[in-house]
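Questions regarding the structure given below will be posed in turn.
Letters are used for the chains, namely A, B, C, D and E, taken in the order the chains are written, and counting of residues starts over at 1 for each.
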Amino acid sequence: ASGRTIKIGYVSPQTGPLAPFGEADRFTIQQMQTVLKNGIRVGGAMLPVSIIVKDSQSTPNRAGEVASDLILREKVDIVLVSGTPETANPVSDVCELNEVPCISTVVPWQPWFFGRKGDPKKGFKFTYHFFWGLEDVIGVYTGMWQSVTTDKVVGGLFPNDGDGNAWGDAKLGFPPVLASKGFTLKDTGRFQSMTQDFSSQISAFKQVNADIITGVVIPPDAKNFLVQARQQGLKPKVVSIGKALLFPSTLEALGDLGEGLSTEVWWTPMHPFKSSVTGQTARALADDYEKTTGKQWTQPIGFAHALFEIAVDTLKRTKDIDSNTSIRDALAATKLDTVVGNVAWGTGPVPNVAKTPLVGGQWVKGQKTRFDLAIVNNQLAPSIPVSGPLKLLS
Amino acid sequence: MTALLSLRDVSKRYGALTVTDHISFSVSEGETLGILGPNGAGKTTLFNLISGDTRADSGTVEFDGREIGALAPYARCIAGIGRSYQVPRPFGNMTVFENLLVAATHGAQHSEDDAYALCVDVLEHTGLRAKANRHAGSLTLLDRKRLELARALATRPRLLLLDEIAGGLTEAETHTLVAEIRRVKQQGVTIVWIEHVVHALLALADRLLVINFGKHLAEGAPDAVMNDPEVRRVYLGLEAAA
Amino acid sequence: MDAVRPRFEVRRATRASRIASLVLIALAVVVASMPFWAGRDALRDFIEIASYFVFAMMWNLLAGYGGMVSIGQQAYFGLGGYLMLALANFAGLSPFVCVPIAAVLTAIIAVPVSRIAFRLSGGYFAVGTWVIAEVFRLGIANISALGGGSGTSLTGLGDIARSTRESITLWLALAIVVLATALVYRFLRSKAGLALTAIRDDAVAASSQGVHVAGTRLVVYLCAAAGAGLAGALYFVGNLRISPDAAFSVNWTAFAIFIVMIGGLGTLEGPIVGTLLFYVLNKFLSDYGTLYLIGLGLLAIVVTLFFPQGLWGYVSRRFGLQFFPVGRRLVMLEPGAPNDASAQVPLQPALQPISQPTSPPTSQSPSQSSPLPRTR
Amino acid sequence: MTFVDIIVQGVLLGALYGLFAMGQSLVFGVMRMTNTAHGDFIVLLVFGLVALTGYAHLPLALAIALLLVIAFGFGFALQYIVLNRVAVRDPLPSLIVTFGLSIVIQNVLQQIFSADPRSIATGGFESASVSFGALTLGYLPLVTLLVTIALTFAMQWLFGKTGLGRAFRATSDDRDIVRLMGISHRRTFALAMAIAFVLIGVAATLYAMRTAVSPSDGPALLLYAFEAVIIGGMGSFWGTFAGGICLGIAQQIGFHIDPGWGIWLGHVVFLAVLVARPQGLMPRTR
Amino acid sequence: MNTLLATHGLTGGYGDFQALFGVDLEVREGEVVALIGANGAGKSTLLKTVTGLLPARADQVTWRGEPIGGARAERIVGLGLALVPEGRRLFSSLSVEENLLLGAQANRTRARKWHLDSVYALFPILKEKRRQPSTSLSGGQQQMVAIGRALMSNPRLLMCDELSLGLAPIVVREIYDALPALVEDGMSVLIVEQDVQLARRVSQRFYCLQEGRVSLSGASASASDADIANAYFGVAA
């Protein structure tokens, strides 16, 4: 196996509705190509590396197809995938079936594991995942909400998609925990994304006069809901929503409505971690991104970077580069401090899942940019500094 | 001779307009009935009622002793009613031959191989043989009308409904047409023929039916009807026999 | 009849068609042996091609021959996929067995659906079918047992050895392609196929010539549904993961339309040519993402505007080639008989306006028999 | 959610759908063209407005006016150069070309503006509202309703009473013979499409104020527009308006029962209407 | 009487199918000219070419000496030339009255002898059905609308293809009786007619087409039936 090129496959949504999740990819890939230009040392030999990037076009089918391409045509040694169940799950499935090691992230682990019909006893043979889980986001959100005075009535907006179904799941999702923590949840049921009208939810929330609104919705829905909520006189004190509120671009689109909204935060420049391949701190990485692209930093940067950190580390530790199982074994044995924190499998809630820290953030008026993401809750990851308490919506 | 087709008290209205007004008549086996009437009298509608393209509001249509008012057009065709359209409706993307083949395989219920012979016969007699492989869409008006007749014949009808197939033909062409229809008649096919070209009609019709505003105006032996002063006034616009 | 019957014969096959049939059989054998020599990617490619092709061919049957232009065939594609998956995951049947069963069930479901769809015609039909597909998508998205909106994975295949799984899937795909093609071809050559063309040209006239219009249409619609179901089931056996948005995506029909139009509407060769072209493009250019899709869209537009008869249509007119002739040519045998094979219009009609499935019975509008040339 | 509330919100939602549908009603009803790019046209103009306000930094009012002018020209050109070739009774060619257009538009927009959703800042207008006792109504939805009604009046008059309207219908019947009446069918169609685009422009403006729009949103809008047109019946703009309202109310009721089934119910009602009255509620032309 | 319309060696056809081979024909102010010929002779093609529905070389067709060949139909009809097309071709989604009104659209300048009332006077039945969709009319009634529609543009030259086709004798009579009245106020008429006798009776001059060529022409009164039969079919019938 001397001198042959190591091939790393990478799948993410670079176009389509989920494109914000893939926004950082071009930057990350370029960075990695420069870092790895003289290859990786595997078992004494220095092997050249090529990274093959595929676009899932935000559709599960396409994601599955390109994954098969990577495996069958490009014959990649390892597959990396990032961004929403709609992308990560089909790719992982294909890898599992074709017995190729796969690392996935940027999906709460439950939708990834149970969404793929995983069995907590058996786990998966070739697919490994690192990210936080619903228990974390629930913890963070409830933590934020408990830090302020509300009537503890929560209105839930859970769409009928991978994330929405998981968040709203009666066993794994918000409902049981909220109940146990003394919140009352008003869940009007799963709705179709791209809904033009939320008046039924709004009036339901008004009836129970919910002070808190939460959920995981795509940007257009978020805007629709918030606008109509204000129109129809729903005045929540706290709005904590996942997905839609992750990206600065969507906040821009929200205009004034955006200020004070809160969301979960998986990575920021403030995170006290360093990259194992470039040695950059989180801050340095973010600055590098803003300098290179001229765009405001976004959370996926860290995780896209971490995917490659783990891949490189795994390959370095691989005994026989030509054996999938050998690579897989190396992957399974990973214990690495990455720019998103420590990643190690075996300690997670279920097999094949490693967890990264999660904190809570709120969008506040920024200096350079219209909005900045301020960390307001770190109870699950005290190592990450908070910049202030959660403020109620005016 | 037994009645092959008989309409009893059939009416059809479009909105306020009564197009067919309590019409009753019958045609006996082997007979040729000519139908005359001013434009808009309701002749074509009458055909539509018989062929099933439109349903009557009231009254009964009997064919070969059985009530067919409820049957769909295709069923009536299979039962033995073949029709031509006043404004030709060829299957434009098919060849002339295939046009006939449709009629022969479905209307006449032949297997495809038996159908070939029948179609060739019809092509021969309707002077379309040379155009057998032409697309029906590119035919001239005359050939389209020929095709209407040919297609109706290819369904092996017992009752043949002809709607103004002589319109627009020259003298000579009309003669050949009349000859062809006479041949069909001699095979014992019952014919109902709407025609404004009266002399063509007179050449063959055993009996004439004149309708006006959907109403039965006159009926009987051709010359009798043609000399009926009412008919002459309404239809030919002549004052009583001059 | 009295007249002496002239001697004649009716030509249906062409030389090209005889050669073609041999070539195709040979091809099938080659494909069947692929597991023993070809790479895994080739196998998968064929399976994907197969499902695209079958789906496109069925759309072609429906729209190109049946004159029923639907934007809703993804309904049956998705149903096929979901039924296969449900049978496999819940009833524990082997997914391979589930594929044909799913197709049959799809056709059964299509029966009541057709009663709604057939109330519509022309553009109405096109849009109506799309809405029907949406109804299925949203309906299934609300069934949590099937994973709801997030979809679910096919579990049944995990424990079958990889190589066996792949070869069986390939043979299944091959069988489906051969069967579907053969059936459609036979159907189109039969007198039912004849009726179909007639209906497309003028439904009213057809019924007055003894053609059971509604019946014929229904048969075609059900065939198309079953075929789409097959394609869908096959695709998701290969793809393993299904979700409503993916399974019932209008893009399936969009692709089918592109394939057929680029290849040639209303010809059996069209979908073949179209699929191959589409597939090649998809393989080598799809990494260009948006640009690729822009190109695809433009291609479809250009072809429709300037080669309405599609690539194959163009070739077959240019060189009078026909691998799957369905037309009939009458040839008079006795000497001197005017045999205007010279004045041949090509047997394969260009794509001409398909008269809408139903037009008012007494309508005297001569639109489909106008001697005036249509301005293009 | 009170019954009144459901109905009111349904009407307001329906007005938006009706507005989406106006342009389609003209194109589908007059040219008999199955335009599957309608939704993408709306999105296109939304981004046009975004470009005018966000990049060219024009004041909103001016931007809107400019947009409508551009829309008119663009619609005219599009029809004259491209779509006229496929504006025949056969739905297929137009269907494919517009399908193609739809894909091209979506991806071009994505190439230029990225996949991020955009909207028009109206300085809080979109969230302002008046309340009548229990129910509070947003200004924006009310404005949408009024605009839709006004446009319906205008279109019905133009289409039914004026010579231009007559020319529209005649041209859609027989594009050869209409030339013998001294009318160029190419110009007539182009004009119709131009007007349709102005209507789309209005819809796009109000829509962009209401929600954030991303390049791939078109198809979702298309179906609502089509449904409104078909429920209402070909070529009748009051029908289209009514169709939109029906759709809105149906969905609203559905949402109330279960948010997951709202849109579904809308579709089902649409199909039900088709089965009951294939010609639509108030058809004008056939 | 000066010439209104003239063709010079007019050729034409459909795509690569040629239907006309050098036709010379002229129509003068206020005369009725008949165009006869067997089916497929090229009569309709001639009319379509003259009105610009089919392509032609500019100098092949002149209007008052001006070359108009190949010009756009919508322009040509503006000059005062109206065609009653073969097979009626009414606008199915317009009411009878709207069909007529549309006819007036072609003419903005010329005198308005023909307007709704005068057309209704000519065909009273149409007045009753003015609000009905034109599809709902009988074949004959549709023909009347087609003629009325052409008249509404108050043309200088009215060209009728197969006027009597599908018309009851009484209607044919009415229409042809109206002809002289039309000609009176200077309108010329070119009629394509299958009924040769009728055609000759109403026309001053006639042209006979045969396979795309003029096989006979002259004063309608003088020509002998034998000649015409000959001109019709090439050989004496």
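The definition used in the following text is that a contact is a pair of C-beta atoms (placed from the backbone, for glycine too) under 8 Å apart; a residue touches a chain by one contact, two chains touch by 3 or more.
Everything numeric in this text was worked out from a predicted model, so none of it was measured.
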item: Shortest chain-hopping distance from chain B out to chain D; value: 2
item: Joint neighbours of chain D and chain A, given as chain labels; value: C
item: Relative to chain B, chain with the most remote C-alpha centre; value: A
item: Chain centre separation in whole Å, for chain C relative to chain A (CA means); value: 41
item: Length of the line joining the C-alpha centres of chain C and chain E, rounded to whole Å; value: 47
item: Mean-CA-position distance for chain B and chain A (Å); value: 76
item: Junction residues of chain C, two or more chains touched; value: 138, 141-142, 289-290, 352, 360, 362, 364-366, 369-372
item: Per-residue overlap in chain A, given as positions that touch at least 2 other chains; value: 15, 160, 190, 192
item: Set of chain D residues in contact with two or more other chains; value: 107, 110, 173-174, 176-177, 260, 263, 286
item: Sites on chain A touched by chain D in the complex; value: 15-20, 23, 58, 160, 188-192, 194-197, 199-201, 203-204, 207, 219-220, 222-224, 226-228, 230-233, 247, 249-250, 253-257
item: Footprint of chain D on chain C - complex, ascending; value: 63, 69, 71, 116, 119-120, 122-124, 126-128, 130-132, 134-135, 138-139, 141-142, 250, 254, 257-258, 261, 265, 289-291, 293-294, 296-301, 304-305, 308, 351-356, 360, 365, 367, 370, 372, 374-376
item: Interfacial residue positions of chain D with respect to chain A in the complex; value: 1, 5-6, 9, 13, 16, 107, 110, 114-119, 121, 124, 126-129, 131, 136-138, 140-141, 210-214, 216-217, 220, 224, 251-252, 255-256, 258-260, 262-263
item: Chain C partner contacts - residues on chain B that touch it in the complex; value: 44-45, 48, 51-54, 72-74, 77-78, 83, 85-95, 97-99, 101-103, 105-109, 111-112, 115-117, 119-121, 123-125, 129-135, 137-138, 140-141, 144, 151, 155, 183, 187
item: Touching residues on chain C, where the partner in the complex is chain A; value: 39-41, 44, 48, 138, 141-142, 144, 147-153, 155, 157-158, 162, 239-241, 243, 245-246, 249, 287, 289-290
